[in-house]
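First chain written, first letter: the chains are A, B and C, and each begins at residue 1.
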Amino acid sequence: MSAPAPAPRARGGVSRARVWSLVAVPLAVIVGSAVLGAAVILLSEPLIPGRQFDPLLWLTAYEAMIQGAIGDPQEWAALDFHSLVSTLVNTAPLVFGGLAVGFGFKAGLFNIGAQGQFLVGALGAVIVGVWLHDAPAPLAIAGATIAGMAFGAAWGFVPGFLKAFAGAHEVVSTIMMNYVAIQLLAALVSGPLKVPRSPQAITFDVGNAAFPVIPFLQPNGHLGILLALIAAVGVWWVLYRTTWGFEVRATGASPDASRYAGMRPRLITVATMTFSGMLAGLAGVCVLLGVTKSMTSSFGTTVGFDSIAVALLARSNPLAIVPAALLFGGMRAGAGLMQIQAEIPAELVDVIQAVILLALVTSPVIRRLLHADTRGSHGTETAASPAAEAAR
Amino acid sequence: MTGQSGTIQAPALEMRGITKRYPGVVANDGISLEVRPGEIHALLGENGAGKTTLMNVLYGLATPDEGQILLDGEPIRIAGPADAIARGINMVHQHFMLVPVLSVADNVLLGEETMANRVFLDRKEAHRRILELGRKFGFEIDPEVKVSALSVGWQQRVEILKALYRNARILVLDEPTAVLTPQETEEIFAVLRRLADQGHSIVFISHKLYEVLAIADRITVIRRGRVVGERRPAETSEDELAELMVGREVQLTVDRGTSHPGRPMLRVSGLEASDDRGHPMVRGVDLEVRAGEILGIAGVAGNGQDELVESIVGLRRPTAGAVTLDGANITGHSPRALNEAGVAYVPADRHRFGLILPFSIADNLVLTSYYRPPYARGVVRDGESIERDARSSVERFDVRTPSVTASAATLSGGNQQKIVVAREFDRELKLLVLDQPTRGLDVGSIEFIHKQVIAKRDAGTAVLLVSAELDEVLEISDRIAVMYGGRIVAVLDGPTADKNDVGLLMATGGTARDGAQIAKASA
Amino acid sequence: MHLSKRLFALGTTTAILISACGGTAATPSPSAAASSAAPSAAASSAAPSAAASSAAPSAAASSAAPSASAVQAPNLKIGVVTDIGTLNDKGYNEYTFKGATDGAMAIGAAAPQSIVPKDASEYAADIKQFVDQKYDIIVTVGFNLTNDTVAAAKANPKIHFVGVDQSPVCVDPQGNPDTTFACKGDAKTLLPNYTSLYFAEDQAGYLAGIVAAYASKNKSIGAIGGTTLCAPCVRYIQGYDMGAKSVTPDIKVTAAYVTNDFSAAAFNDPAGGKAFATTFISTNKPDVLFQVAGKTGNGILEAACQKGIYGIGVDVDQYVSLGAATDPTYGCIITSAEKHVESATSQAIQEIAAGTLSAGDVLFNANNDGIGVSDFHDKASMFGPEVTQALNTALAGMKSGALKTCPATGCGDAKTPLP
């Protein structure tokens, strides 16, 4: 038997509950993770012989982290917003990556290969960027960006195709593709793309293809930040305002029902993975053209993996991905100052991030803890897997 | 009936003023219920009326916001299922909680073994008790037989046995007959009657009126979380109960009228199809459905009906044969092409195939038409026209919902099916394919859907109805085709078909006369 | 000590580190090396590092005299930006930081702070953190930070930048990092506030090769590098090859690299290194194995000891840092090819305080005790005086410039076949 029929006054209550569940869980997760991080600091302090025990070290650490992420009033008074800008610089690729993973979740696909798509996206951008390094900037930027998108898309297409037509699970194939990307990057950067005279593996600079700095985001807030915002709105629009987005969400929520309704889940799978790969590729473009501007063989970030946490925290909502990415980007930006002022290693950020991820993966459990007695009305609809959960 | 005597006994179980609220919904609103020893007490209500919530309260799965539970006159608090069982309250769920690979004895002991105050199970003792209980209540069963080898009816008896083994005094059965054949239903009723005679109290949850009248000593009807009446079978009728349950007068059987068949609309010839594992399931089916008639396909589940339907609506590629629609060959066409050609399809499992539960009602209403005007211009969806049309559909098809933006999951089963019906029926159709369109629905919804089907027929649509519920096929079909072993073994005239004849054809695949002979021979 | 930096190491490495680097006695700064090496030279076969310091100390070495005599500059703030990974990597990151700590102590300054970047896109931002916090000396570790360090040096002429292993410094005529490697600008004059410390790893490898050749009985020795992309690793192995062949011309030297990229497998995967080396040993049958693979290399040494062959450590005296005297897991280490990152960094900081540090590329080699091989410890009896003799001869050749320890073309390039 199904849930009781909603009484007429249900609407207000349900939507309040919905808002609560959307905000409460991420909030609880973030606060809980910060508390756990503080506990880790407190507990490990005594393990260090000779160190004076400082019961407020965790406060110093978080203060420094926040200051590193947003700056301080003195700087603001001097119109110096470099800390905020550096948070934005860290945020932009996470937005792209989060959108990539989140879009996959919406279609019921777990694109764990954002990392590989990120790398080849950057690779595409550096190849064309170097090639067009002295072309007019708009042309060079567009060329390198499109190349990166195309590379990322190709990297997403392959697992999508394998999933749709060979039944290969996308988690496995995207992980494999990550390794291929790492090796491809290493081979190209130390081979054909290497600056011939350089003693080490590094490519040429992308020159004019580099993202320009946005005038009011000095010193280093580049075009990619703007593109990330546009992408978030764009992906939201695609998902919720286009027929294709409808198909993607329908396939994710119920592949059977969408097939019965005349949609073609296989093609949607391929298209979704391709689009997701393109977004992850853009994250790579964003880092390469906006930050590093050339590629060393050590190029590689954890953006691809952090993106999974971002997408989960935002429950795959493209607009919610922006604040989620800001949180992670800010923590990253603040990690430097935290290391200097509190002498806490950057690994603390990893700890907090890991706790957040872990908590999100178990979020159905957390949701149950938050409002324990909803069995029979909403509890029964709780999805079993985090991916399906995120797909809502 | 047997369970009651002239003196009024103290109730074995009493629930007083139970109120249970969920966010936005009052599932139980001051429900009171008392069950006397040796009484079979039916709890009657439509889906979503609050029956399950009430039983969850009784079983300790939900904590009531108000009210109390008394056992033998003593107020108690039930902490959970284990507590309920310890107090002699047991529940037999609609979906059995049995482990198919284990034996009857193992299943009965499952969970019990931890309560036994010893290290090793005393299987000999368990066997003895199982046999004894079976003998006492009229269903002896071999404790060593594997549950997977038992029929559904016997599996249910194992569930009851489990409860009795735990010394249940109060037995709650949630829709126990939903999965049973008419014969099995009668057998289980006999068992329940015996249990009651020996002093057990039984709460029988159902929405089937004739069953309730047949078995219960008292009937409590609930609607929208409230008790709306208490009756004794002798004092009431199906019509009155239905009216109490639904809240208005209902027509229990729809007047199918007379059909005026037109030109052949659907023609299936020499159709063969295999299931997903490649086993041939449809082995050469020929059939024809004319415009303005309802062809019902009767058959025991698994005789190729699913594959036949899927082949017709484009979800399965037939291995041989042809399907034509209004003279045009549509064999192997995609679901979308068929949809555009005027074929509508109501799948059997609305949760899995008919609806996307997390999506809004409006989105579910455009699940097959989202991509074309007026719901989309190019690739851009037109949310306004989607919602406008949704509001009108919801009104016309009487879907009870606060808003078309509410998710389909928040609706009751009947309202959910109304959305599928609204989506599939609400346009010009050549062919309407219905697979178990009223499964699990309440009386009111069944009435509504049957009326819609007949209206569609009268508008000149060819209707193909597949149902495992023989009653439904008999009730609204103009012609009845019986499917057995992947073939159509007989086609009968709907209004004159005899239930027993069709039943035998379904079971044996023989002709009616063969069937009658078989019946005579076995008698 | 800078203990908070170890908050998360949770003691896994602390003990070893303290024994390896806790006091000045173990620090391979020239002065300390001289004092610690003297007894061992007297006691048994002369340790090569003793040979190095007993030779005429270079100007650079002498300027890094005992800390008491260092120029005091207590107000200098020193920051270290490491490469990706962790601070306690028992390699570059760690020894640079230790060197910075030693240098700070020597000049009476506050202990240095560090930032460990999470990924390559963070280098510039992390350097900027120190700039913003008005640090006076910023040390960056590893080639990957070269361009960002050079750019920061150009933008902040008042801050001293010290890059470890960032040579050759290559700038365009304006002093910007030159990614085309045309190197038209003169870094020394354009960026007087930037110094790159680099090392002649091939010389250290050469010395290790000599020891390996004397230790080998079956005329087959091996070397495993972390990744083909690490030029210093390749130079170690190229020198090792030439050094071994200088002793036994027909010796078979086999080299392999764990991976072709900068993934964790290269320098951060002991288990992977052990598996890789086990296969390597059974395939190539060397009886001495030289590891140039950071933490991955620890696994390589473990495999060597388990398979009953000799191991040679890298960068620091791994017999000491891995506690081989008490832990049989690493008991087969006969020596280590040393690269004195720690003392080089410490020297650089002291010279900045004294105003004597030269800009541009500063090479650390045999001439300024920038490289060496470790004491033989309990394996000393294996090696006769001829080994010490050979090492001293080689060192003398390196100092005079007569001895070549790396192929003339393709030095540092893994694709160059071993001769």
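Here is the rule we go by: a contact is a pair of C-beta atoms (placed from the backbone, for glycine too) under 8 Å apart; a residue touches a chain by one contact, two chains touch by 3 or more.
Just so you know, these numbers come straight off a predicted model, no measurement behind them.
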Chain-level touch network, classified as line, ring, star, complete or other: line
Chain ID, smallest distance between chain and overall C-alpha centroids: A
Euclidean distance of C-alpha centroids - subunit A vs subunit C, Å: 37
Whole-Å separation of chain centres (CA-atom averages), subunit A against subunit B: 45
Separation of subunit B from subunit C, taking each centre as the mean of its C-alpha atoms, in whole Å: 76
Of all residues in subunit C, the ones touching two or more other chains: none
Residue ranges of subunit A touching subunit C (in the complex, touch as defined): 41, 44-45, 47-51, 68, 82, 86, 89-90, 93, 182-183, 185-187, 190, 195-205, 220, 287, 291-292, 294, 296-303, 332-333, 335-337, 339-340, 342-349, 351
Partner subunit B, residues of subunit A touching it in the complex: 1-14, 16-17, 241-244, 246-247, 249-250, 253-254, 256-264, 373-378, 381, 392
Footprint of subunit A on subunit C - complex, ascending: 1-8, 10-11, 79, 83-84, 86-87, 113-122, 124-126, 128-130, 132-133, 143-144, 147, 168, 170, 179-183, 228-229, 231, 260-263, 412
Residues on subunit B engaged by subunit A in the complex (per definition of touch): 22-27, 47-53, 56, 61-63, 94, 174-175, 224-225, 315, 334-336, 339, 345, 347, 352-359, 363, 367-368, 370-371, 376, 379-381, 383, 400-403, 406, 409-413, 415-416
